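Dropping the structures in below, format is structure tokens.
The two complexes that follow have chain A in common; it is paired with chain B in the first and with chain C in the second.
Showing the complex of A and B:
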């Protein structure tokens, strides 16, 4: 009986604190920012590297400065986080909750191409500006026309394939590789779309795909894939891969001693964990993304990222994710209001000073991004990109020794 | 051809490590453990964490993980699952209850693991090339295969040539009859469940040396284990090993000769064929 009473008291206390909190929110001393992304499920491994630490870092930094200046009033950031369990249905339910119950003022765009496309209607309905980062597609124009609140910042499928093609053409002209390319892809929407584009683009450039296979997501043994690529004799290897397989392919390439001059694997190659796991063996491996660590702004950002979140930023979309939050920050302060339509319009009309440099949107799409990077002596540096400075020359892969 | 044989057999070893534990848990203790994959990933996390923070060799971790997992699974059985066993009126009821309970447990384990390491368990151990009869493979896979053979062989001998093993097999045939002949059924069930958990965690620690795992990937292994256990015959250690071998060889053959994209399709095709023509599994007994 006593125990029940205690519980009742505790419940009352919780309700009361909720009320107080509600009152505070009504007075609008805080800006509520909703963030939904995977903490569990297949995409969690990527989201905890690229997405979550940047939300944490940005909110901490803004609050340490005393909050955002909204029309002369300082407002602190309060982040409301949910785990979508890498399930689009779950994400949409939670998005509704953010808007209806938590009544957040702004949101962080989801993690993953499919998630951004799947949730654009619901975020659009509530009028949230949605600055998508981890989303690569060729359908940007179509999507931004249909959802005028949706912005893209990381580049298109074609741009990523073009980046790789440029490297292949340069190395062919230099005599390092021939016309033969071995290509593999993970059999999901992302890998299939990239491989399809690559077949056209590589073909037009006169390359011949002497090995062209897909494998299911989560394949436990990639040795048949790597043996096949090796037997093809191609001097260039391109994999449109996802996190667990990007690691698995590198592992098998080391085991098989894959003899290529160009080795590229897509997502997660830019993760610090990739470099940490394989050390010098993956020196000169190419991958999706890139960054310019010599840029003082980037260096400062990476330092703060490590200090405030305890994690090393990845060498690709981490900076873009942070830049998207900087855009939101500057748009709110620039517009001087929390009105979402006004802020959205401000994003469309202005350019922003971010860690990625000056960013602006042309039909809701930013064309400032890195497309290909390369591990060079322990750092993953950008080698190909669009409107970015500091690209370094591509080096050839020369064996897999330590 | 040799490549297929070597790679296929090594993959079979991995699959056997994944499935032998569940086989004991489901076949003997009658617990359809949906948290099997999470226990495996927990073993992997231990190996990764000890290796990256204090350079402990994963092979040493295996030795540490086995008793810890044994004790942990014993406690889980004793305090979480035994009440379910006691109150269930039939095998079917226990299956439903244990599926729900262990499904819930899997989320708890995932939550704990995410709070320790949310990213990838990326590290490298013994990924040195080694040549076996002319086919290149990696040392870590070979080590895992060796341990799988040791565990499989040990289990087989133990089950067939010791008194305790006979008791375990008796319980797997019939809990009622075993009780009647004086076998302490709850104790044997707890032993089988704990042993199964220990084997799974050891498997996870070994697998993490060559497959990059993360906290959420357990369900993939649970599914694979389930397929192998059902293919081989519930409660039959020989069945699990043979089914793992078939799956490993077929997947590798299909990946090499036809297309790596068809490995999953091939695996499920065999699964369906076996269910169609031998529903009790390769070595399973027909239900009485």
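Showing the complex of A and C:
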């Protein structure tokens, strides 16, 4: 009886030691990467296109290569992911959880401007380098000074408006449009901010906003907005819009047969679903983002994206999101350590070879990005950008026929 | 004054003192749950001040909470004011708003009042978006402060303590007595000469004031405010569920509901991230059917039954 008990104890001890040492060994071989982004809620539609597949793709590729080389030691990637339900309170709590309970080594920056800014103080406190992608603001200087671990890669609000302005000026000089511009915006922080900048920047360039209206986020009926734009007679239409309404506006433009030479809608125009929904009808529609599909690196990336995740990459921030992970990868390998301060400093000091080309940071902000793209025969190509190659000439919108 | 009243207050004060030490022990993750919990304790207790005795179910918490958060955002971001200015102004604005709304709607009874308050948060959100869009032209509202979770926790604890004390005083005052009669039978209340409208409006305004104060305190935690985030209908429902779970009939009832619910809600969020709304609906049904008077009500019922058995 006593013997059996002792055997049992011994077995338990062996198991326990196995657990302890097993866990220790595992902790040394794996890099834990925390990722929080919406899988449900209003921003989920964008995050499942742009954010999540890239995390999956990158982790799969790195692990297929045998992991990252950290100071001569191969380490596999383990992704710990949570759904923030598009709720900032939830996101903050989960960010704490990543740092305190899961003790992740690195994090993927959140999806959405508000979420990046909300988590910056937390990740900053734990020293995580945060390479933000889906965050556009004009307050980058103030934010990066406050949070030295925060990096921006997708451009500023002003850069987006400037891109559109350049196109308008070019087309006015070419005689395709006049001085009149019809502008609408979604009444949400992002749309209001862009419209506000555009009023100044378009005005300085001598344009007159003959129609300037906003509509609430999630409004189901955009037909009055489009009718008003049509009645204004402007040959240029600019919409600072969000995912659901970018689709809704295109639909109304088709119904109303909006007669313009320049048609621009902001976020989600670059989504493959946008092209799939309207086919040739939206040929020559302009939108935020862009990519250079002829670049072999981009082509290779897009192919791998489709093969490994089963989804088509979008024609904008997908590549930037992947590039941000490549930067993290190269910084960890380059620094040869998991020490977060060393890795952060490495990101500041070096340039990185990514799918977006060579990328480096100037005061924590990267100036390599696309600002405007255009649907040209089934592909959304970059037409305006900063430090990117392969911009194609802008084409004029000519009707909404199939 | 019954001695039990003073005892209750003494226990509450001791609990506040104990709760103040939580940030010394909790790590970042548990502290962030504690902040959420303390936020709901303040909101639910203040909600129950009005809805408990009167039985008017208000879903307006999200609206006033949003006013608080939004005003901190706009005053700090657009007008470069210190955090403390909106912290004082926002609750006053919300109280004024609640006063107007109370005067207009508290003559409505039962279900009409519920529906109106449900629509209120949505209405204010759209109104604010409209104002921001047409007159202010904002560039995103940043709330950048040096507050950390333990600062917010202490502020919320202070607010919760004040709400509790206020509730304790109200319960022993003429207005508390009036509210209880209104809750039992409003017609009778009117017949015995109680100015029912005034009593209701005063308490409704008070809950609006505190919801905005809590919303303002929690705003620095988000750093970036969008109207669509702060005017959350889910918040209104959570507050009602937590208060009802504990029992809205007693001042300390919501407290009993909030603590287990916050922890269970956290667990559900981690285990079943995609089914949390379903869980919320089920919790609502369960509480209404199984615990109509909350955990506290059920305990008191059991105690009475045991008491009867003895005698």
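In this section, the second predicted complex is superposed on the first by the 376 of 402 C-alpha atoms of A that agree within 3 Å, B and C clash if a C-alpha of one lies under 4 Å from a C-alpha of the other, contacts with A are read in each partner's own complex, and residues count from 1 in each chain.
To be clear about the criterion, contacts are C-beta pairs under 8 Å (C-beta built on N, C-alpha and C of every residue); 3 or more make two chains touch, one makes a residue touch a chain.
Just so it is clear, the model here is predicted, and its values are computed rather than measured.
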Which of chain B and chain C A:163 touches, first, second, both or neither: neither
Partner chain(s) touched by A:88 [first = chain B, second = chain C, both, neither]: second
Touched partner set for A:110, first chain B, second chain C, both or neither: neither
Touching partner for A:189 - first (chain B), second (chain C), both, neither: second
Touching partner for A:385 - first (chain B), second (chain C), both, neither: neither
Which superposed partner A:216 touches (first chain B, second chain C, both, neither): both
Touched partner set for A:357, first chain B, second chain C, both or neither: neither
Partner chain(s) touched by A:278 [first = chain B, second = chain C, both, neither]: first
Partner chain(s) touched by A:39 [first = chain B, second = chain C, both, neither]: both
Chain A residues contacted in one complex by chain B, in the other by chain C: 39-40, 42, 187, 214, 216
List of chain B residues in touch with chain A within their complex: 3-4, 7, 10-11, 14, 110-111, 114, 118-120, 122-124, 127-129, 136-138, 210-217, 220, 251-252, 255-256, 259-261, 263-264
Residue ranges of chain A touching chain C (in the complex, touch as defined): 39-40, 42, 82-83, 85, 87-90, 92-93, 96-97, 99-101, 113-114, 117-118, 120-122, 137-139, 142, 146, 157, 185, 187-190, 192-193, 195-196, 199, 214, 216-217
Chain C residues within the chain A interface of the complex: 27-33, 36, 126, 129-130, 132-134, 137-142, 144, 148, 218, 221-229, 232, 266, 269-270, 273-274, 276
In the complex, chain A residues that touch chain B: 39-42, 44-45, 48-49, 52, 86, 184, 187, 213-216, 218-225, 227-228, 243-244, 247-248, 251, 254-257, 268, 271, 273-274, 276-279
